[in-house]
Each structure stands twice: as C-alpha cells, then as structure tokens.
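In the part that follows, the structures are each spelled out as structure tokens.
One chain, chain A, appears in both complexes that follow, with chain B as partner in the first and chain C in the second.
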Partner chain A sequence: MGFQKFARGTAAMALVMGAATAAQAEPLKIALVETLSGPQASTGLLYRDAVKYQIGKINEAGGFGGEPIELLEFDNQGGPVGAADRVRAAISEGADVILQGSSSAVAGQVTEDVRKYNLRNAGDEVLYINLGGEAMELTGSKCHYYHFRTSPNAAIRVNTLLDGMKEAGVLGDNVYAMNQNYSWGVDVQDNTVAAADRLGFTVVEQTLHDVNKIQDFSPYVQRIQAADADTVITGNWSNDLLLLMKAASGAGLDVRFGTAFLDQPGNIGNAGAVAEGHFLSAPFNAQVNPEETSAFMEDYKSVTGHYPSYVEPTTVFGLMLLGEALKSVEPTEDGLNAADLAVALENATAETPMGPISMRADDHQIIQPMIVQEVSKDAQYKADDTEYGFVPIKVISAADAEQPVQDSCKMKRPG
Partner chain B sequence: MDQILFALLNGTIYGLLLFMVSAGLTLIFGMMGVLNFAHASFYMLGAYFAYTLQPLTGFWLAIILAPILVMGVGILVERFILRHVHEHGHAHELLVTFGLSVVIAEMIKMVYGKFAVDYRVPAELNFAAFSLSGIDYPFYRLFMGGIAVVMFIAIYLLLTKTRVGIVVRSAIYRPQMVEALGHNVPMVFMGVFGIGAALAGLAGAVAGAFYTTNPNMALELGVMVFVVVVVGGLGSMGGAMAASLLIGITNSLAVGSDFRIADLLTWIGMGGWAEEIGGLLTMRMSSLAATLPFFIMLLVLVLRPSGLMGEKE
Partner chain C sequence: MKYAPLLLLVTVAVLIALPWLVSGSMLNAAVQMLIAALFAMAFGLLCGQAGMLSFGHAAYFGVGAFAAVHAMNAFGGEGLLPTPLLPLVGGATGLVSGLLAGYFSTKRTGVYFAMITLALAELLHALAPHLKTVFGGEAGVSSFRMPAWGIGFGSLNDVYFLTLVWTLVSIGLLYLFSKTPLGRLALGLRENAHRLRFLGYNTHALGTLIFAISAMFAGIAGALQSMNIEAANYVVLESHISTAVVLNSFIGGVRVFLGPAIGGALMTFFGHVTSDLTRVWLLYQGIIFVLVMMFLPRGLVGELVERLRNPSGEGLARTLGTVLARLVSLAIAAFGAVFLIEFLQRVLSPEYRAGVTDGTWPDIALFSYDWAPLSVSPWAFGLGLFGIGIALVTMVNRRVAARKEAQA
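What follows is the complex of A and B.
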C-alpha cells in the first residue's frame, strides 16, 4: 500500500510540475475502482493493465484539453462495501469518471452510488463506465443516464454463442443450463431458455449453484449425464468453470461446453486437452482482421509485457470510445462537464481492430462485434503456453450481435 | 439406483479429502491446543511444491517429497514463531497463524502468478476405474480416497499402539510430568505440528492435481475444514472422519436432489400457501447444497457444542 501511495504521489507530482508550464485548466481525473488486492485481484489487475495502456495512448495523443489525463487507482478489495467507500473517496479526490469492471455485484453497488450522488449534486455529476459487469439489470432496471457499459451483457453473450454453435452444427438438441446463483448466472440461464424456441433446442435442465464454493462438481456432472445433454451452456468463470469441465471430462462425458469466460488466463493451461472443442463467445479474437489485430497485440505486449486477453481487449476498446468522445468535449474551468461527456459518448464511434463500435443511447449498452470461437490446436496465438488457443468460428457484426433494449430501463435524460 | 450409488461414492471420496486436510488441524488442536488458521495454507503449499517438483522428479517422488518439505516449513513455523506466541494465549496464536496464511498466499502469488497453474493428474493415472450406466469413474478419485484411508489407519495405530503415541498423548494432559520423566515435550509438540502440516501437504499434493492448484485454494478449502473440525469435535480424530464423511455425503446427495420445502408442505395441504410465499420454501435443495455444511455446523453447535465426538467444550 505504502509503495502504491508513494508511486501515485510521485506520478501526481510529475503531472503537477508538467502542468505548471501548460494551461491553467484542471486535468481530467479518471478513477479506477477495482479489486487490486486479495483473492479476487487477478481480474482487477488485468483491468488496471488495460486501463493504463489506453489512458497512456490518449495522453500520448494530447490528453484532454491540452493536459494529460490523471489516472487514480482505488482498491475496492473485492466487495460492494469496499467499492462504495472507494467510490466516495474517488469523487472527493475530484474524479469525473469512474471505471470499474469485475463482478456484477460490485457494479450494481457502484452504479447505484453514482446515480444517487448525481441526484444530490446536479451540475457536478460523475460518470460511471462499467467495463465488465454483465448482468442485465445494469442496463435494465438499474440503468441511468450516467452509466455506460463497454462490455457485452448476458443476452449478447448467450445469443451470439448459441447462434454461432448452431451454425457450426455443434449445438445439438438437448441443452443443459448450468450457472452460478447470482444476477449474472440467472441472466445467462434466462437467456438460454428464451432462445430455445428460436433455435429449436430443448433446455433439458437448469441448475443454479453456489458461487466459487464447490470443490467437487461430480454430482452435477451426474445430473448432466442423467439429463442426456449434448451441450452445456454456462456463464461460470474461474474455478467454477475449470472444475466443472474437469469433472465432466473425468467422468468421460461427451458434452460440449458453450462458455462466456473460457479465455480467462490460466484456464486453458490448467484444463489442457480437456478444453479442446469447447466454445466461447467474446468481443475479441486475435485471428480476426490479422493485420490490425496483430499490430494491436504486439503494441500491447511491448507496453504491458503480455498479450491482451480476457477482459483486456474489451476494456481497451471501451476506452477508445471514451477517447473519441473526449475529442468532441470542450473542457470547462473546473475540468469537465460530465453531462457533455455523456452526450458525446452517445454519439461517438470508435474503430477497433474488431470493427466499429458505438454506444446505444437508449440504455447505454455498447454495440460491438462478437466472435464465436473454439478451443483448438490450430490457433495462431496459443493460450497459457499450451498448444491450444482460440480459433474464430464466426464473426458476428455489431448490428447482428445487438439485443433489444429492455423494457425495464426507464432512463431519465437531463433537461 | 446407479444415481444414488454414484452420489454416495462421490460424497465419500470428497469427505475423505476433507478428512486428509482436517486430520492435521484436529491433531494439532488436540495435542497442542493451537487453532491453526494457516493450516489450509499448508495444503496449498503441498500442491505447489508437488507442482514444482513434478518435472524434476516425476509425479510419484513429487507427492512424497512435497509433504516432507511442508513438514519442514511446519517445523520452522512452530519452532520460530508459534513457540514464542504460545504463552500469550489463543488470541495471539490465532492472529499469528492468520497473518501467516495471508503471507503464504501472497508469496505464492509472487512466485507462481495469480492464476491457476497447470498441475494435472499424470497420464498413467488418468483412466476410468469402472463405468456405470454411461458414466466413467476416474481411477484417481479412488486413489485419493485410498490414501486418506491409509492415512487414517496409520495415525490411529501410531497414536494408540506405539510408545511415541503414548508420550504424545500424555504430553497433552500432563506436560510437566512427562517432562519430569525425561521426555522433551517441546520437541514432541514440534513433531506433532510438523506431521500435521505434512498431512495437509500430502492432501494438497494429491488433490491439487485433480482439482485446481491456484492461489485461492487455501481459502476455498479452509472454511470447510474448520466446519469439519467443529462438527467432529475439536481434537477428535474419529470425529473429524465422521464429520468429513457426513458433510461430503450430504453435499453430494443434496446436489442431486430437487427437493423443496414446499413439496413437504403439500403433504399437509399447505403446498399452495408455500408456493405463494416462495423464497426459501420453494428453493431447490440443489442450489442450497454448499450451504448445508454450515447448517449442520449450526445444528451441532446448538445441540452438542462439543461436536459429534469431542470431549472439550
């Protein structure tokens, strides 16, 4: 902690000294409120790498209002309580934009806190950019004008995944929905069931289980077998995904997994051959548009020391959109007017290596291409130093990946 | 029928794994009165040591050497940390071991990275033991269960049938008298702590390959191990075995069951009312499975605070 503070202090000092010679306007402050320590920190640190990378790019191109953007880091320690506290700290330190990604539970807290703060402080609003909380309610019943999601949501993940698997002829007739028992898992399950008629499959069984508490998945595998499933659609991540796949493979079960988070670092390394043939739907694949993508991959590696994976590309793309929006916003005396930035974000488009992305004004859900991919030995970029990687099966354009705005989103626009 | 047979078998094996880790914890508590918060960290160390050794020595030697290394760590911890804190009482011991568990977890992250490592069951052990109505049963599961059973028998015989066992057991009740008889009691305690750590290390080395070896594994299992020890009775080896099996089997059966409290109420004609209320009444047993051990612990603490077979309150 001490070192972080020190590093932050030095960075701030350098910025102040740099700023003294430039214009008088306050620099734009962006706060990353992530899980930077503790057991769940692995994903939070990936968000930090990606955010640092792209804010660095924006600053190289001139920052905002002639000043480099100042990035503040806050450790929410993995839970909604810590996040609520850190969001307050970030705002009192003058942050105009809050970035957060891991866990829909934390995102739910942050978005509510930001909404309430904005209600009480009209004219001095802050913006929340949700980098990865994918539960439906965040752009549904909890949606509000100052929340923007730059990752896909459950409906986008599940529908693109099912479409891609159906088209590749691997979906089968009997689908088992196995998910974690919280907002995100329930959303994945609901969307799987909802797509059954459209794609002509039967959901043979649905199971919700505790999050990251189960060591032994063999009883669940038994249920999959008893239900005679061809495919398991799961939103599970981390250990819940790994242990489920390993238990299924250990039992010699012949099912294919359709997943949302199989590309998390360590998964392929740990599962090895067990993961082969399983599917993933994600907003990035290293083999799509090879020229632009490999330039991005190599540049990212030269800055951060590793290839971008999992949440990193999406985060970078989301911040590219933020960068585009900032170009069309005029700095005010005290930095930035969040309402101006919100309008600019709604109208911005960014050109990413995967294709153009934009922000839907109705519910502030990003509209971006999705890539359905399969774990295979033929992949160009291997994951976790194994012989396996992700091969694109189908690229779904931003327009085709789009899912309808939820009725529950009643967004109140200012003015 | 096959379903229930599988569920029982799975539950038993999972229970035996829990026993392997909790055996050391309950042994240390029984002998020394130390509630070791860092015990599950020894489990994690065992897995990581075996993962590191495997490429150099092969799997078999790795799962033998890893527990010995963990025993070394355990002995150092007892000799240079716990012994100094012991006289200050339980609160200090708890705090020190808690701190230790955090330090070990962070060190593992620094050395091996934040994500799961590719420690896997070796190919020669990765086959199906038998197959029942279309489901293979992995041989490695039986292997893990077998090791736990051998361990239980060995500890039991060591404590009840050998001279070492007599000295160890008497050192718990009358340490001064045993010392007066010329036995080195601090040495005995150090040995017990080392062996307790080694047992957890062995469990980690064996189970880490089957489940996942990651920096969170101590946390994931740690809570469950404490539940086992509390339910079984602090310090009771037989109790730990019984509680492990109880928790493993109820867990496994609950996952496979669609039972809801509402169904039970239908029998007495209150089904409609229960459906209306919803909430806990219409929750399926399968989604509560991981909560059951804590419910069992609650019941045991209310009805029999010393645990199933415990003697100490």
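What follows is the complex of A and C.
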C-alpha cells in the first residue's frame, strides 16, 4: 500500500509541475550574431554594448511574457561564412530574433539565410533585425517580410545631408561626388546626382576610387581643385575619409565635406582640426532635446562606461521599437510567434530622445529623424577626448527624412 | 603502418555515422571542417608535394564558389547540372583559372612564384567589388539549393552527406594522383627541378599542370562552401583565406599526405569552439602556429608519422609513459598560460574598467572562482601553473635525453 500511495503522490506532483511549466512560457531568446573578434571587432563590440544595454532596459521593464529576455551572443568571425554558421547555431539554440549590424556583406548573408530558413520551416519563423547594414539592396532586391532595418540607408543619409546643408546655406553650387568604388559608394553617388535638380546644384565631377587601398589622396584633391568644387559629398569611411580630408586640408583646399560616417570613433581624434566645419548626417546628436538626451547619455554611460556614439544610439532606438512591438504580442506556448512580432513591428512606434520612430510596412525600413550636424568646438559632448564635437544644425523630422520605397522590393507578405 | 587501412575504414564509418552522433551545431562545424580539409589538401598537393608555396589560393577557392552559385541559379538544380553535381562546375572553373594563373606563376620558382600567386589573387580581390553583376556587390550573390534525385537538400544532414561524399572522393582522387607518374614527378619538381629538366622533362608544363589540378580541387572546396551557405560574397577572395590555408596545412604537416586535411579540420574546429568562448581566440591560434613551427616543424601529423616510423626503441610502455608525462605537463603549462591571458583580457576590457570606480577594483569571476585583480593570488596562480608545467616538461626531456645517452 505504501508504494501505491507514493506512486500516486509522485504522479500528482509530476502533474502539478507539468502544469506549472506549461503556464510559464519559454523565455524569448534573442541572438546577437556580430563580429566580436579580429580586425573588424571594434564596431561589432559597439553593437554588443548597445544591444546589452537596451535588452537590459526591456528586461527591467518586465521582459517578455513575464520572463526576462535571454540574449545569446555569437561571434561571426567577421565574414559571411562564419555568420551562416552562427545563424544556424542561434536558431538551433532556440533564438526567435537575430540581431546583426556591422557589415553589409554579413547582413546580406544573414538576411538570405533567415529568408531560406523561413521558407523551409513555415510556422516556425525567425526574425532578422538589421541594426546597421546600410546597403540599398537589403531593403531593395533582397527585401523580405522577416527582415527589418533599424538604421538609415544611402538614400536617407545623402538626401538629409544635402537638405540640411542647403538650408544652412553651406551647400555650394558646385558639388563633387567622391566615393569608394563598391555598391555603397555607388549608391551614395547616385543619390547625390539624383538630388542635383531638386536642390539646384551641379555635380561638377564624380569619382569612384579603390576601397581602403589609397595612401595618397593628393591626385584626387587636385581633381577637386581643378573641378572648382566648393562642396564634396562622400560616403567614405575609415581611412578613405580621414586621408581624403587630410590631403584636402594639406593642399589648402577650401571645400566643405558632407559625410556619412564622420562620427565613427577615432575619426575626430585622428583628424583633429582638419574635421572642423565639416558636415554629417546621422540619426543621433547629443544636443537635440537636451533634457531627455542627456538623461539617456548619462544612463548609457553609467551602464557601459562610455557615452553612446556612432552606431550605438541607433541600435538602442531600434531595440526600443522592438520593445514596443513585444508589448503588443501575446506569448504563445512555445514562446513567441515571429509572424505576430513582424506584424507588431510594422504597427509599433517608439518615442526616442530624437523623436518618434516607426517601421515602414512596405519595405521594413525604419523611418526616423535625421540630424544634420557640424564638427565644431562649441559642441557640448566632445568626441574622442578632443576639443571638437558635433553641433546639430538641423533636425529633419522622420516624415521629411523618409525616402521612397525602391521599385526592386517585391515583398511577399504571408497569407 | 599495417593498421592504416583499418584506421581509414573506422574513420570513414565514424564520418558516415556522425549525423546521429553529434548535435546540429557540431554537424555544422563538421561540414566546414570537411571543406577546410579539402581546401588544405588541394593546397598540400601544390606546396607539400610539388614544393610550390602559393599565397593566393583563395582566388581558386573563390572562383569555384562563385561559379557554383551562378550555376545553382542558372540551372535551378535540374537538367544537366542537378544539385549534387554542382561542385563539378567549381572544379572546372578552378581548373581553367588554374591553368591560366599557373602558366604565368610557374615561370618562376620560390619567393617569386609566391609573389606572383599573391599578386594574381590580389588582382582578383581588387577587381571583384567593381563587377557587381558577377560578384554581386557588397551583399553578395545568393542562391537556393533545389531538391534533386529525390533528395531535398534542405536539411543540414543532406548538406553534410553531400560535402562528405565530395570531400572523400576528392581526397581519394588526390591520393591516386600522388601514385601516378605525374604525381611522382611532382616530388621530383620539389626535390630537384634542374635535374628533372636535364632528364628531358618540361618542368614548366609540369608545374602548370600540378598548379591547375591543385586549383581544381580548391575550386571544388569553394563550390562546396557556397552550396553550404547558399551564397558567395567577394570577401571569400580576401588574403586571410589564403593565409589560413597556409597556416592550417603547415600545422597539420604539409609533407605527409593527410597532414593538411587534418590540420585544416583541427583548426576549423578550434575556431568554431573557441570563438564563442573567448574574444582572444585568434591569439591562441597564432600561439599554436608559432609553437608548432618551433617544436614540431614537420607539423602535427608529420611528427606523429615520423615517431611511428622511427620508434625510440624503448618499448611501448616506456614510450607511452613519456608521451603521457609530456602531455600532462604541457596541459598544466597551457592552463596556466590560458588563465593568465584570459585574466589579463578581462582586466583590460572596457566593460570591466567601466566598473572600476574610485580605485576599487571588483573581483573577476574566472573558471568559477572570484579573483581580486590587485591581490597576488591570480597572478601567482597563473604564473605558478605555467612555471610548474614548463619545469615538468624540461624534467621529462632531460630524463629522456639521459636515458638515450646511457644507451649510446
């Protein structure tokens, strides 16, 4: 008799425990597949800081379905092959959302992997949130329903930059388009040329040069001089931007640069006074809406040890949008239905210190305010421990920053 | 060496049974290990057997990868080129580009040969971003593995078996090639090209041919990779792919037949496991390479084969004892070194330093203990273990040397 009682008791216990686990949903797993080692790790680590910060905030506010969100980290080893491998690993460990940002090459791989996985595993979809792959085709020919981009792209960067410079009265009549010869540089050049009629300037010359191979930019500076340009619009980043600006300044050239990535850590520290007076269009500036922004700046610093810069604010804002979307999704028995989250993301808006942001349903490109800014000594927050920082010149509202959906995006919506 | 066929059979059997033995993530690593093994074998044919050190093998790997991806898109896995035969395209383009590149590069030998291969690979690498239609621009060319021959090719298992069959067949072909007169002549080319020419052989044609065959197998490996990830991106042409295959092959042992394959597989596995564990895995990879080159210049497999061929004559028990003693003391030293590196890396990381406020240094958790960075204990622990390990190794080495001297 003793044994029967024991058995019955155990069975009852098992039942109760089973019921308890069923009622409690699986925690939502979000995987960051980023470049965390090797020569390109510096940007990847910035994404990691920002993601950890904002997932922490979402968890403080209750997480998802009453459970804290679990953040998995994977090192994609800097390339598409490693990324493909880590995306598979992330999915097999139960990740429902994949985050990545530091390279368009990797983003191209991840977005295609997610698309194919979803085709082969209907009903068990995963979502890819692209935090920073800015190549146009990711929301163009490669766009699909489960890809969401939370950073701007070439069209948004260039058009807001030109609008802002025009309004500030610093966009000359003769614009020189100087870019790196690959898809990103070509996109920036095309958008610069396309805006010429609308804003009434002439593109005096366009140059595409080798990527990260040129040590001496003086021949290019001579061409700028010969073309009699007063403004140079460039999508260059890293060394190609620094060396170009230094060569121009060394030749005593009086031109103003309009750039996309001048805020990359190290650029201002390296360029110093050479960068003064040049322009940048980015989704964040620390002096816009001072009250909310400085609270965000200080809070970010208290958690990560540094002020947010470069890709970090956009990443945080993108994940704020994810947090808002998660609020309106009901957890299912096995955690999260990615299709529900996709719908929620399309309908969500988030209030960031820069203003409201939302996701455009047609191509899943984020619509967010852009800030045209100038490098100046008057900046409140200095960059790279120099005396320079970024002063906002014009805040372009989310609606004005929006650019038309590309024709090449043929998004298949489920159902 | 009479156990070699048996060992081979067991290995193949384990490889076939692998999908039922390991997790999905490990199977994924296995696919990449196989590809890296085949790529290293292709390199080994050129560098180990024919003695031509190429610094640009990523070019043929990449050409094969892009050819396969375009063929995958063009045929859709049907007609003349069903999915399982796609690596043929990679092999064919590898062969053709190898013939072209080989014709120019094998006109010179030694350092000049290496420079030409490097230059040709860089040429392609610099050209690729400009040709958006062929190389797909920054986001790459992607594709979709279509079902063929009644196999879906959607699951990882299918991909694994496809890669396994192609890798085993290719390595088998490479083995048979090494037994042909041409394969034997490759050794002659390595040992003494002048004498070969005096004997009446056309060494330039010979070099070109071997270069092309090596490029062909590199192309097959590239095709397998683009089939695995269903995409190709021009970063596959970057020089670090070329250097990785050189390092892998030398770690394995470039002059023994399966050395490069084992080196490639081991180092890929190492990267797969350690890159999620520690941020500084590339440092460990470099340390391993330096240590292997310093103490085992024949490579891991090369050294093993050498030991098996020339046993120390001390009897099995004693040899095993020495090997075990060496391994244990090396493991102690390695643990000490890893502890020091990891601890230092944590102390220096920006996250940790953000937590350092007004001179108080919080404890750091490492290997399930908390260590205070300002106290002696972590440093003494790491350095101590490292020192003990090294001391033990030298002791074992001295005793072995003393025994040898006593015998002699």
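By definition in this document, the second predicted complex is superposed on the first by the 391 of 415 C-alpha atoms of A that agree within 3 Å, B and C clash if a C-alpha of one lies under 4 Å from a C-alpha of the other, contacts with A are read in each partner's own complex, and residues count from 1 in each chain.
Rule of thumb we're sticking to: a contact is a pair of C-beta atoms (placed from the backbone, for glycine too) under 8 Å apart; a residue touches a chain by one contact, two chains touch by 3 or more.
Since this is a predicted model, take the numbers as computed values, not measurements.
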Which superposed partner A:Thr231 touches (first chain B, second chain C, both, neither): neither
Which superposed partner A:Gly266 touches (first chain B, second chain C, both, neither): first
Chain B versus chain C as contact partner of A:Asn174, first or second or both or neither: neither
Contacts of A:Ala107 with chain B and chain C, given as first, second, both or neither: second
Partner chain in contact with A:Tyr182 - chain B first, chain C second, else both or neither: second
First (chain B), second (chain C), both or neither touched by A:Asp85: second
Partner chain(s) touched by A:Pro219 [first = chain B, second = chain C, both, neither]: first
Which of chain B and chain C A:Ser309 touches, first, second, both or neither: neither
First (chain B), second (chain C), both or neither touched by A:Gln406: neither
Chain B and chain C footprints on chain A, overlapping residues: 41, 181, 210, 213
Partner chain B, residues of chain A touching it in the complex: 39, 41-42, 45, 181, 207-210, 212-216, 218-223, 225-226, 239, 242-243, 246, 250-253, 264-267, 269-270, 272, 384, 386
Interfacial residue positions of chain C with respect to chain A in the complex: 23-25, 28-29, 32, 126, 129-130, 132, 136-140, 142, 144, 154, 156, 225, 228-231, 233-236, 238, 271-272, 275-276, 279-282, 350-351, 353-355
In the complex with chain C, residue positions of chain A that touch it: 36-38, 41, 49, 73-75, 77, 79-82, 84-85, 88-89, 92-93, 104-105, 107-109, 111-113, 116, 120, 133, 135, 137-138, 142, 181-184, 186, 210-211, 213, 304-306
For the chain B and chain A complex, residues of the former touching the latter: 3, 6-7, 10-11, 13-14, 17, 105, 113-120, 128, 131, 134-138, 140-141, 210-216, 219-221, 224, 248, 251-253, 255-256, 286-287, 289-291
